[in-house]
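Each in structure tokens, the structures are laid out below.
Both complexes shown next keep subunit A, but they swap its partner, so subunit B is in the first and subunit C is in the second.
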Partner chain A sequence: MLVRYFIVGFLALLASIARAELTVEITKGLDDAIPIAIVPFGWSQPNRLPEDVSAIVSADLYRSGQFKPLDRADMLSRPTEASQVFYRDWRVLKTEYLVIGKLIPAEAGRYRADFEIFDVFQQRSIKKATVASNNLRALAHAASDIIYQTLTGIRGAFSTRMLYVTMERMGPKKQRYRLYVADVDGYNDRIILESPEPILSPTWAPNGRHVAYVSFQSTRPSIYIQDTVTGRQQKITGFPGLNGAPSFSPDGKRLAMVLSKDGNPEIYVMELTSGRLQRITNHYAIDTEPTWTPDGQHVVFTSERGGSPQIYRQHIASGKVERLTFDGNYNARPALTPDGRFLAMVHRSNGVFHIAVKDLVRGTLNVLTETDLDESPSIAPNASMILYATMHGGRGVLSAVSLDGRVTVRLPSRFGDVREPSWSPFL
Partner chain B sequence: MSIFNRNHLIALIAAASIAGCSSTPEDTTGGSTAGTDTTSYESTATDTSAQVDPALQGRVVYFDFDKYDIRYDAEAILSAHAAYLSANPGARVRVEGHADERGTREYNMALGERRAKAAAAYLASKGASSSQIEVISYGEERPSALGHEESSWSQNRRAELQYTSEAP
Partner chain C sequence: MKQLDQKPKQPSPAPVPTATSTSDKEQDEIQQYLGVIQQTISRYWIRPPSARTGMVVTLRINLLPGGELNDVNVIESSGNAAFDRSAILAVQKAGRFSVPSDPAKFDRYFRSLRLRFNPEDLRY
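Take a look at the complex of A and B:
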């Protein structure tokens, strides 16, 4: 009997570990983060809900670094409809915004949430909204998106997902690589590829469903495209030499990549329906890590043609090349904001690798991170944060930093080295 | 009858190899126990390795940070393998290029390939046939040392020679 309890307890422990491999902690938040209260949403049914929706919303807003959600234990009242709101209860706690709501069972096992946002100081309702889903976490993230957009004017990216790679050492010269897809808060993580050989450079197609990556599963590097829904994997390249750094064009019809089949690492663009390859660069130096400008007319890439790795932009039609980075002697792995204005990169200064952002309009470079061995910047589709990989306690971990560097968040993993995050487009 | 002949032949080889070496007491002792097959083979093996360039034992050459030119201290090892490949046309080697963990993964993949290709070009320049050499880069994915400081990084910036047939 005791053994049985032990087994049940152990299984419950395993389930809680499996629940989210990544959890989030804010390492630097805003001093002037907005005080907000997300009151537990009402639920009139006898069964207990499997998820705490208002806690998920609070965690989302907290993770953005821009909000300071009130601990629910400090709440003086817990209104679930407008008639129950007493502004003084919130004013004394210096809460600026209040969110209340109700969860309602909808057809076919779905849930609906009707919620309302109040401005405490102006003592008025500023937004009423409804979200629905068969998944309470998805429903909570959809509510977070609306609250964030209402209060900041910027579209929320809480309903997006990410890809990342973990590497676990199973013994000397024996590793296990896993490619995950997960919600951006680390939940609903799912392994979509597992291999003893390296997996790297995962990236999303603009449709938010297909992903491309490099896998050594055939013992040599090849680029694959995989459907995250069906799991179907398709080999795209298998040329001699490097097959690396895939990047979908903004329209999803072309894939930029690096191939060394002609002797040097060069940038190529493949038209995905025909498989036709167009060579973009022609230089004896290393050219790699292509990405696209939002208009799909240029590729931006890393090249050591100037003697050290720097970032360049080439117009595909004319071949005209322009150097974009001049600060320091190591700038690599470019990523552009959706408006094309800001260029995130890996930047070395004083021998330390940081994430930096260059404002391509003003020409200023801003080093955002204070961690070391920072890699693989990937920008949120709303340009609020940059996900990147870094080292913490001798292990690879994922972190995020706001574009202005004022907020940093760490997503620690419970096991293995985590690396190469890629933030999905809006879904 | 045939067994006798074979043992006889081995004894002759063993004797010849001892004669070829200096007549130290250890060698004499080794020769006196050369009646069994295994000892005879050992003594012939000792003889073969005595003629082999010790640099052929080295399978790893190292590189400077962000560099892919062959260092002076790598030349003896690569020359020995080039001579071996040239003398053994059936031998095939896979040159694996690696980088340390600093810098971006895809750039390091390109750097690893540059290192492997530099080692392969050196082998070819010293007489190996390019059809005997295969090149692959693992970038920073397969470190040899797991630390996060220069003493580990210098071990990881390397090219490794892995024979896929007729290893020396």
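Take a look at the complex of A and C:
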């Protein structure tokens, strides 16, 4: 009897232990931006600072689409050091993270910012960091990079640059083309080439210093490489016919391009030190817009060999070709994320050109944009956003969309038509 | 899920008492509360951009009678600090959960819960 009681009691105990820890599965969430507050950084010197650092950080984080910075006017307090932080002030505003900091003059006209990131709900500091620069915008972008990486687990790309081309009409049959380098927020723009003839397909070398493009400045289109620091320009090709769509290999030693010197447009790869040229494709249909896989072993390009423009991948050593896109009858202008998983492209559906991304692991295609005539996708080095050109109010402007399609932001743009953006590597 | 959408403690027609009906009814009631807790947390869970399908973090929450959050701990990390933090934040922002007012039921099922965050609605 005693034994039986014991067994019954034991079973009941087991059942209660098993029940004591029920598990709730959370499989859905929100697609919201994370509420954050960037408090104006302290500055104790008498002179006014030429730039508002915390406003630049807020704008960076907002533009990423992943964060919703709190309006300054709504802040209940403006702490500049940890002892002044009252979590309750931020909790009532539903702010999840708080960033406070101080700017300090450093040697040789430089500035330093000491800042700290707090988790409001856990009521603790999660990161202390220092950035320094002689340029306050650069300092702010460096702070944004650290905040973004701390809170998302992804390296920030706010300190990177972009290239783009503008076309301005100067009169009948008279245009001005300009090639710009600018910070990715559109500021610090600088003309690196100006010409009455078209400038096309600008692209960065992996070193983040040299760029390649097509220019019609001599009698026929030619591919040039230019040093953005010294301005020195070097002509790379000038073959009869088409010389187009340059793309640096991941190691920067080779340049893929399109040449029509042997008949119709084909993909070639040039060894940059020797100038040795290797023909990659050989097909009577048009092959164009080459880019590289991250391992440098394959070229990905657009071809009409299947009857409509589609994206293909060719192994350089073996020549083996594989078709990558099958949705619809127009997929072009391929760009791969640095991990090689996602393929961005221009995709046409119902006669409208959108930016789409194919997940090469799962095989799914996602259309990311809703505007028309979207072109030239260029992926951020951290793969968070895709920069592209689109039409707005009858002229070309630059926009960026997050890789998951959740957020689209239009970048501040210049006069004239803006085209063909290219996002730099990490600098 | 349809069943879980209903409010807890909705009066239901009294079933003919049988040997097992009490515990079945109790199970249904517990399930409804769990469903409401699940929805509450989902409404506060903002995933970081590094979140990917297949990432899983398991938390343990301890509740006070009345449903207020006492504490939350990670019992199995996803390996991604931002993803883990997003789950903790969802729980902390929710702050209070609907639980049975019956102290026996509360003690037995709701004082401590495991929450398994396993996103199925992400694009990638």
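Throughout what follows, the second predicted complex is superposed on the first by the 393 of 427 C-alpha atoms of A that agree within 3 Å, B and C clash if a C-alpha of one lies under 4 Å from a C-alpha of the other, contacts with A are read in each partner's own complex, and residues count from 1 in each chain.
Please note the rule applied: contacts are C-beta pairs under 8 Å (C-beta built on N, C-alpha and C of every residue); 3 or more make two chains touch, one makes a residue touch a chain.
Fair warning: this is a prediction, and the values are worked out from it, not measured in the lab.
Trainee: Output check: A:P309 vs subunit B and subunit C. Expected answer is one of first, second, both, neither. What do you get?
Mentor: first
Trainee: Which partner does A:D32 reach: the first (subunit B), the second (subunit C), both, or neither?
Mentor: It touches subunit C, and subunit B stays clear.
Trainee: Scan A:S260 for contacts with subunit B and subunit C and give back first, second, both or neither.
Mentor: First partner only, subunit B.
Trainee: Does subunit B (first) or subunit C (second) touch A:L139, or do both, or does neither?
Mentor: After superposition on chain A, A:L139 lies in contact with neither partner.
Trainee: With the two complexes superposed on chain A, say which partner A:R220 touches: subunit B (first), subunit C (second), both, or neither.
Mentor: Only subunit B; A:R220 stays clear of subunit C.
Trainee: For A:N366, decide between first (touching subunit B), second (touching subunit C), both and neither.
Mentor: After superposing on A, A:N366 lies in contact with subunit C but is clear of subunit B.
Trainee: Do subunit B and subunit C touch any of the same residues on subunit A, and if so, which?
Mentor: In subunit A, nothing is touched by subunit B and also by subunit C.
Trainee: In the complex, go through subunit A and note every residue touching subunit C.
Mentor: 16, 19-34, 66, 94, 96, 119, 121-122, 151-154, 342, 359, 362, 366, 384, 402-405
Trainee: Help me check something: in the complex, which residues belonging to subunit A touch subunit B?
Mentor: 173, 198, 200-201, 216, 220-221, 241-242, 244-245, 258, 260, 265, 286, 288-289, 302, 309, 330, 332-333, 346, 348, 353, 373, 375-376, 391, 394, 419-420
Trainee: Which bits of subunit C are touching subunit A when the two form their complex?
Mentor: 30, 34, 37-38, 41-50, 58, 60, 80-83, 85-90, 92-93, 108-124
Trainee: Touching residues of subunit B toward subunit A in the complex: what are they?
Mentor: Against subunit A, subunit B makes touches at 101-107, 109-111, 113-114, 135-139, 141-142, 148.
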